[in-house]
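Take a look at the structure set out below.
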């Protein structure tokens, strides 16, 4: 059983030195069941990659392997210098907790270091800068437990960004967001990826909101993955092979519909296109 | 008499600092169970002629380790309950062997103002300093792991390690606070003042400072009242602690009605204005 | 053969009247605690149970002051405290634990006061020990009908509310949709716990009654996943621990130190723990460990 290795910054394959993340033949097991099988893909600096798959496809497991929270049964994950900034799915925060948005973001800078954060102007400036970058400057002094879901998410993104990671990992940030917020978050993330040359890996069960900004896609189905440019991966023959049964890909007004076909004419949509934004 | 005030103040400061995290982490049961179980150690210590403080500390640490060990195998609240009754069962046994000890259990359980001797000041001061230092040194990882354990894990702050570390600090804090306030009511000091503090301020360090202040005030008031009426210190601590908590909740409710927090619509408006 | 028997069961055990009362009262307390404790553990309210037990100390000391049987004191204060805890009623588990702790602190402080008045104003000696650690062998037999009544009431509540309790313990949202009055159900459950606590407080003491509420239920949850079976196993485990504890305590009269005997409460708790650890050694299977957080002190809301 190969154990996971993390290469120190600067080491590793000369060919993959440019890649921010290399997932190399990762197989993962949860409770005896094989959840991921031989997943391989890479992410280069500044790339915007969508990890698409329905619930149960293995997205969260793959993220946990990448983050080092779950050792893979086989394969390796290599992360380049800079590390990973992680934005978990929204969590219930205690409204009584005495922690402001700016405190949480500050912890993103040095939360692992011992001692008390000494007040320093440069630290405060950096925190303000990050909060501004995610359009959360006006809620800097609000308790994290009082923020709305969308605001919490922005603060979590700022928390992840402040340590200047090479890769930003977001776990289903679009789930349970309304259309307008969805678009805002995607635009924000795309802007961050572009301006700060940070790679972004974002998991979702619907690819349509991400189509305009995705550079590449990693499509996960039943623990197996296909990765590459979106129009190369999201094709009937590729996905059919992945799923193991016949699947059609239909393009409608720039949106994509993946449909499982049955000979009797009854079509069960696997993914539905998002309705057109107003 | 000065010794009492000095020791009580040290205890209150530690309670305020540690209690801030007790409330943050929702560890009310643990903060409750450890001193109660530690009292069994005091009984055992007196049985074999060792200083009660040593017995307290040993059992409190044992309890902390027990909770950590059991907690990996079952629900956390069950683990705490079982560790607690295990220690108390032993305490019942020790008590039954040493009949002369009976009057002392009262003061160890409920607090005895005048029971503090000169030679207890030094160990209390040392233990107290150690507790406060431990909390301050681990402040950031403790904060991160308490607020969002996932984010901590990703940065290498293992939640279980932080938990054990915090449990040990709690064990030390409770064993030093026992002689003053008594086993059954230490946690009132660790819960009431921090709960009130966090209703008043949003800032974490300020909340910790405020909970220290409130804890000190509580203890001083309790000792003064106990000295006057001869009633047990623990009674006043329990009552004032509850009053702090109620005041905190009242204040929070008042703030909610007066200053509505910015909701999603408000922030969207603000963004468009600032863009 | 006779010698083996007398080694296990010291002479006079089955003929002794206090032993009969102990077996009866202890048995009822154990069964009731086992049944009610199942729901307590499922709802994650072990702390509330423990707090109620400690608060019943207040009732116990108060009852000594006004000269009534401790059982009424235990029951009265713990039911009252259950009501207060429910009134303060915070939904999130963490806030709920905080409120529980505060109520416990205030209640215990009052208890401290009563005990102080007890020892200074009345002539009852050893009141502290009796209340805290129980008086299994000195229970007045006239209390038995009351014990039975409380026991029946507690089990009755749980039996009547069996299905709403199960549903609301699993998910309060689901229960609300189904038309269950979640708030009332929860309050009644707390009252049942309070009654069970007072029974155990009488027999093995307030401080250790938590053992009978939590231990057997946790043990049973480890052994099976079917709710009805869990309650049965829980009651049986508690009963076994109690009766064996009584036997051992009786026998210990002949062990060192001379002529004193070890406390019943110690044996009962020790047995509860042994059973629990034995169950832990069983393979997990499908009825295995319930979910835990990331090593946190209390479940995330």
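Residue numbering begins at 1 within each chain, and the chains themselves are lettered A, B and C in the order written.
One rule holds in what follows: a contact is a pair of C-beta atoms (placed from the backbone, for glycine too) under 8 Å apart; a residue touches a chain by one contact, two chains touch by 3 or more.
The shown structure was predicted, so the numbers you read here are calculated from the model rather than taken from an experiment.
Of all chains displayed, B has the C-alpha centre closest to the centre of the whole protein C-alpha set. If you tally contacting C-beta pairs for each pair of chains, B-C comes out on top. The chain with its Cα centre farthest from the Cα centre of subunit A is C. Centroid to centroid, with C-alpha atoms defining each point, subunit A and subunit B lie 39 Å apart.
The distance from the centre of subunit B to the centre of subunit C, with each centre set as the mean of the Cα atoms, comes to 25 Å. Chain centres here are Cα means. That of subunit A falls 48 Å from that of subunit C.
Annotation for subunit A: residues touching 2 or more other chains are 91, 96. Among all residues of subunit C, those that touch two or more other chains are 94.
Within subunit B, the positions touching two or more other chains are listed as 150, 153, 195.
For subunit A in complex with subunit B, the touching residues are 67-69, 84, 86, 88, 91, 93, 96-100, 103-104, 107-108, 110-117, 135, 137-139, 141-144, 146, 148, 150-151, 159. Across the interface of their complex, subunit C is touched by residues 23, 25-33, 36, 71-78, 80-82, 84-86, 88-90, 92-93, 95-97, 102, 105-106, 109-111, 149-150, 153, 159-160, 163, 182, 184-185, 187-188, 191-192, 195, 231-232, 234-239, 241-242, 245 of subunit B. Those residues of subunit B lying in contact with subunit A across their complex are 24, 136-141, 143-144, 147-148, 150-157, 195, 197-199, 201-207, 252, 261-264, 267, 270-271, 274-275. Interface residues of subunit C facing subunit B in the complex, by the touch rule stated above, are 41, 44-47, 49-51, 54, 93-94, 97-110, 112-113, 115-116, 119, 126, 128-129, 132-133, 205, 207-208, 210-211, 214-215, 218, 222, 257, 260-263, 265-266, 269-270, 272-273, 276, 280, 289-290, 292-299.
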